[in-house]
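Same chain, two partners: chain A is paired with chain B first, then with chain C.
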Partner chain A sequence: MPTAMRSKGFIALALLPALLLFLIFVIIPVFWSAYYGFFSWKGFGDAKFIGLDNYKEMFRDPIFWRALRNNLILVVSSIVGQVPVALVLAIVLFKNSLFSRFVRSAVFMPMVLSTVVVGLIWGYIYHPQFGVANHVLDLLGLHSWTRAWLSDPKVNMLAISIPINWANIGPYLVIFVAALQNISPEIHDAAKIDGSAGWNKLIHVTLPIIWGTVVVTIVLCISGSLKAFDHVIVMTGGGPARSTELLATYMYNSTFSVYRYGYGSAVSTMIMIVSAVLIALNYLATRRKSS
Partner chain B sequence: MNATITAASRSGTGKRAVFKGLAGFGKLILLAYAVVTLYPLYWLFTSAFKTNQDFFANPYGLPKQWMAQNLVRAWDLGNMGRAMLNSAVVTVSAVILTILLSVLAGYVLSRFSFPLKKVVVVLFTVGLLIPIHSTLVPLFIMMKNMGLLDTYGALILPYTAFELPIAVFLSMAYMSSIPKEIEEAAMIDGSGWWGIFGRMILPLCTPIVATISILAFLRFWNDFSFALVFINTQALKTLPLSLSLFSDGFGTDYSLTMGAMAIAVLPTIVIYLILQEKIMKGMVAGSTKG
Partner chain C sequence: MKKTRKLGIVLLLMTMLLAACGSGESGKQAEGSAGGQEKVKLTIWHNFAGDDLRAKSVRSFIEQFAKDHPEVELDAQAIPPDGYRQRLSTVAAANEMPDVFFVYAGSQSSELYQAKLLQPITEVLDAHSDWKDKFLPGAFEPYEFEQGQIYSAPLGMSATSILYYNKALFEKNNVKVPTTWDEMMTAVSAFNAKGITPIALGNKAPWVAQSTILGSLADRVTGTEWFKNAAAQKGAKFTDPEFIQALGHFKELVDHKAFQDGANSIDNTQAEQYFIQGNAAMMISGAWTLTNLAASSTEDQMKDIEVTVLPPIPGGKGKAGTISGGAGGGLALSSRTEGKARELALELIYAVSGPDAQKAIAESNSMVMYDTDIDKSKVTSLYYKAFNLVKSTEVTPVYDAYLSAEAAEVINNGLQEIMMGGSVEGVAQKLQDAQARSAAP
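Coming up: the complex of A and B.
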């Protein structure tokens, strides 16, 4: 029998490498960024302690608020543009026929593409001269709707949200299909005996059963929208006139090109706080619903 | 559609034809949706083979003349061989490291109870929720101090670290489903824990190792953010990073940029076509655990 000592040695040796790497590169940076946030530092020389000045500057910067607003636009557009579409597709495609499997794998495909490629392709689709978007509008006789989609501050966040939705519907579709396939046949039989079918069945039987899954996808939408950094960097770089900045691109643009690591750390800490608040709000909202 | 068909069968044969027609119409819409989803890719691959004149004169049709040399030019001018090698080195190393560390940690967490185990699990859970972009600045400073910037390690280590929570939870859940009797038998034989793990448990883990590898591969191969911040040397740039710079550098040479993009997405698309069921299941398992 292995002795307790041997077990202890094994536990330590097997767990520590993973734990240490994870602590050093994921957990500790969070504390470092909270700490650096109180300093002014150009990346060389001494860092100067400046208290809350970085945060004060951030709250006075209209571009920070614009970035926060754009992030929230993305959260809303993801929840509205991804979850319902995926749910409808899943209800129609939940059987494992050849046709449904084809459509499902087509919808999932963009998920495996690099975000850079997604951003570049859609940059071309929106191109003012040869982009498909304007061309299609012209064909539909909607010439007045054509515009420079990524430059016009009125619509560019919406334009950016479309490729993000395009690329992310796939996983939600697969999640919903799995949830629908898990509904036991007895429930379908019971619904039949009750004479429940069509819309009626969908709303009173199917949706309540998979409601938990819907909530999970909304959480994923929120955290996914906070990750939308690559698409913006590639499509607009946060411009024009910083109108498409997100919190993450705002952090990037106000740190690395201008050598303001203290300020960037303060913004990073703010991103942590915003995402914690969103997750907590969502937790409270869903807990109320399930109780 | 299932719902409409059951409704049709209830309401008599007369209406059945109408509902069948509706179902067919629904299928048509779905097919259109699939085509719209795939269209950007079709457009990318056809444009990649056009001359620049053809691209402007005839942006939506098939190429008048299939210019395979666009891909060759893009490969040479964009230094894509080097970028692909860098991506391969970084991705493969990080995938191997992720598997080793997460399978061992997952085994310990699924089999042993020890003080602070709860703390470890909570930490990994918190790790799932940390937005990676909020760690870019501190990681940059840390790696600068450690002399890691502009090395393969600057990508391999953070990739692995950020993939660990998902990978650990996936392997932990999988190993909890392996019956404990297997180890009890081995213990009577007098094998130590390393022997039990290596000879008994690891061979049983192939399915979950496959899932973790697929998830990690796609994440690392496609990563842009870390490479953008941590890699500056031309010779170390990964595929997504050099692609983004390529489009700046050759901004007006569209067929060249399209050629480079076609080369870059081809490996993932081929892998997706071969492994799609596994990829869909794995990504969903990974994201719902998260």
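Coming up: the complex of A and C.
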């Protein structure tokens, strides 16, 4: 008994500093911000309690719904565009040959670049006059397809989601490669003896084994896309006319430039709730499949 | 065993307490010495962080002050302009303002004033009356929050709607430089027919079209009086026919493809480059373009560029030949700074915005709201032309200096909406709603 208890006590003690930091800098501010969500507050000066008015205004604001819709587009495009691509790449590249190591680093590279750099690079790719994207389309004879990618509201969310997916595949690839390399060789041997190969093996052997990892990557994808901010701020700033606003940029734009910290706090509380709901949904959906 | 555990916890708590005490004490010490004789601590925050001439000369005046006052321990922070507003808002929220800080004219400084974070600097202005008197008319208007009390002295002037044009392109294509609105529309069509962009615009940060085009254009239609009334929501509304007409003229430019494709997705600097490289015939932009071009282009590129004002609108109530603009940002004094620190802070403000500093700023290709003579050889030819143009014209209000922060955001986004085919009336209605909300007590 003493050993177990002692180590428990020690664990608690060792965790205490980190836990305290986490409490002070993450948990308490979350509640603090939820509290400010009930006030009309400029960020300085006096705050006035207004109950649920901020939330009411948010639900009436068409831009909030547009931001939510854009964010859901981004979540879907990330889940569809990042996880399967990363999985396929991992399956193709999981051997440690020179070639696959090279391709893996190439796919990982945008992750190392600062997001501002990624945003600027793609801003130039999409540039309406000198951009590579339009130039290539012209060369292919697809002049009618050229457009101002970032300012045409019909396509700009799509145009923005491409660099975001491009920049974020890297870590998922690494996670999947690690998961695949963790499958013990005996299982491969057993599958071979049972005559399983190719698709059959992928669906009945490999995927079930790494399913836990897939679920985790989807959760990471959802929370990552709901937090998405920097790429959009650099490429469009949420514009033009707020057509590429995401929840996070909506929060930022309705807080800092117009001095409405109370409202911004309410929006960020809403972001928390939306992410919690989406992650819970994902948990329910994937749990049924895995059981 | 239990004893060791308890001891461990006690030790841990003690370390934390000690750490807390430590920081508390050092804070006190710093305050103590501020009141004492040795060193006075002063902090100054500004956004002259860049590598351009103006930022360098402002920084050199701050450094000079530090050298001249060995009794001051000066902590000067240069914060890049993009993040400056946010940084200042953050410390304002925590009531931890630096002693002296750069503020923008308009909503930012008036919000800070209303939050009681500023104190007047009238005293130092009165002490140097020869300095005070040489400021141009209207220089203190945005900073006179109460009768007879001035809260800042502008370090610059924002002239936001200079019409730059490429003389060579106009001559080559036989187009007349527009002096009436009809000629403007003719020029737009003529350049479009030749495959040249008529007007370069980089409206990704959405204040650009509002600040450079709408302010001046709308003033020509509505007159300044109407705008001030509408901003105060007294006897005029943004849904009035004159404002709808003004927005309509902006839409007219959009509909005639005056701006290059995708103007909403490139920034102002990119548009400046597009223009100076001869891809566009005109650009409507502020005095900041002079500073940018001085840093990024050659005299050879600039010699073809001329400056003028936007043409008048037929039947408009506004004065012709004006430029939208006003006092730029200046240094303000925190309401928490007292005693000896306050005296020195006022001296610092004089050192950085006094006559020498104003002249130096003007000679770094940047407009000032101060009557000074500049040495032609020190500035670019384009700046010299603009300096004389602005000196001879009257200024009209810039929209976002009078609108509430929220309403400014609405009209900024509204202009982007119009550029994307949105309705003029809808935008006017939204602007009216936003301004009415913030004007209500």
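Rule of thumb we're sticking to: the second predicted complex is superposed on the first by the 269 of 291 C-alpha atoms of A that agree within 3 Å, B and C clash if a C-alpha of one lies under 4 Å from a C-alpha of the other, contacts with A are read in each partner's own complex, and residues count from 1 in each chain.
We take it that contacts are C-beta pairs under 8 Å (C-beta built on N, C-alpha and C of every residue); 3 or more make two chains touch, one makes a residue touch a chain.
Here the structure is a predicted model, which means the values were calculated and not measured.
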Chain B and chain C placed together on chain A: clash or fit? clash
Open item on the list: By the touch definition at the top of the document, which applies to A:P128: first (chain B), second (chain C), both, or neither?
Closed with: second
Using the touch definition from the top, say if A:V92 reaches chain B (first), chain C (second), both or neither. first
Pick one for A:M251: touches chain B only (first), chain C only (second), both, or neither.
first
Considering only touches as defined above, state whether A:L207 meets chain B (first), chain C (second), both or neither. neither
Practice prompt. Please indicate which partner A:V277 is in contact with in the superposed arrangement: first for chain B, second for chain C, both, or neither.
Written response: neither
Of chain B and chain C, the partner touching more residues of chain A is B
Where does A:L158 make contact in the superposed view: on chain B (first), on chain C (second), on both, or on neither? neither
- Query: Thinking of the overlay built on chain A, is A:K42 touched by chain B (first), by chain C (second), by both, or by neither?
  - Reply: second
Which of the two partners, first being chain B and second being chain C, lies in contact with A:L113: first, second, both, or neither? first
Figure out whether A:Y261 sits in contact with chain B (first) or chain C (second), or with both, or with neither. both
Among 1-9, 73-81, 145-153 or 289-297, chain C clashes with chain B only at 73-81
Chain A residues where the chain B and chain C footprints coincide 2, 6, 17, 43, 123, 256, 261
Counting only contacts in the complex, chain B reaches chain A at residues 1-4, 6-7, 10, 26-27, 30-31, 33-34, 37-38, 40-41, 43-44, 55-56, 59-60, 100-102, 104-105, 107-109, 112, 114, 120, 123-124, 126-127, 129-142, 144, 157-158, 160-162, 164-165, 168, 187, 192-194, 197, 218, 221-222, 224-225, 228-229, 239-241, 243-244, 247, 254, 257, 261, 264-265, 268-269, 271-272, 276, 279-281, 283-284, 287-288, 290
Interface with chain A, chain C side, in the complex: residues 1, 5, 8-9, 12, 85-86, 89, 92-93, 95, 107, 111-112, 114-117, 203-206, 260-266, 270, 274, 279, 405-406, 409, 413-414, 416-417, 419-420, 422
Chain A contacts chain B in the complex at 1-2, 6-8, 10-11, 14-15, 17-19, 21-30, 32-33, 36, 43, 89, 91-95, 99, 102-117, 120-125, 130, 132, 135, 166, 170-171, 174-175, 178, 192, 197-199, 201-202, 216, 220, 223, 226-227, 229-230, 233-234, 247-248, 251-252, 255-256, 261, 264-265, 267-269, 271-272, 275-276, 279
Per the touch rule above, chain A residues touching chain C in the complex are 2, 6, 9, 13, 16-17, 42-45, 123, 126-129, 147-153, 156, 236-237, 239-243, 253, 256-261
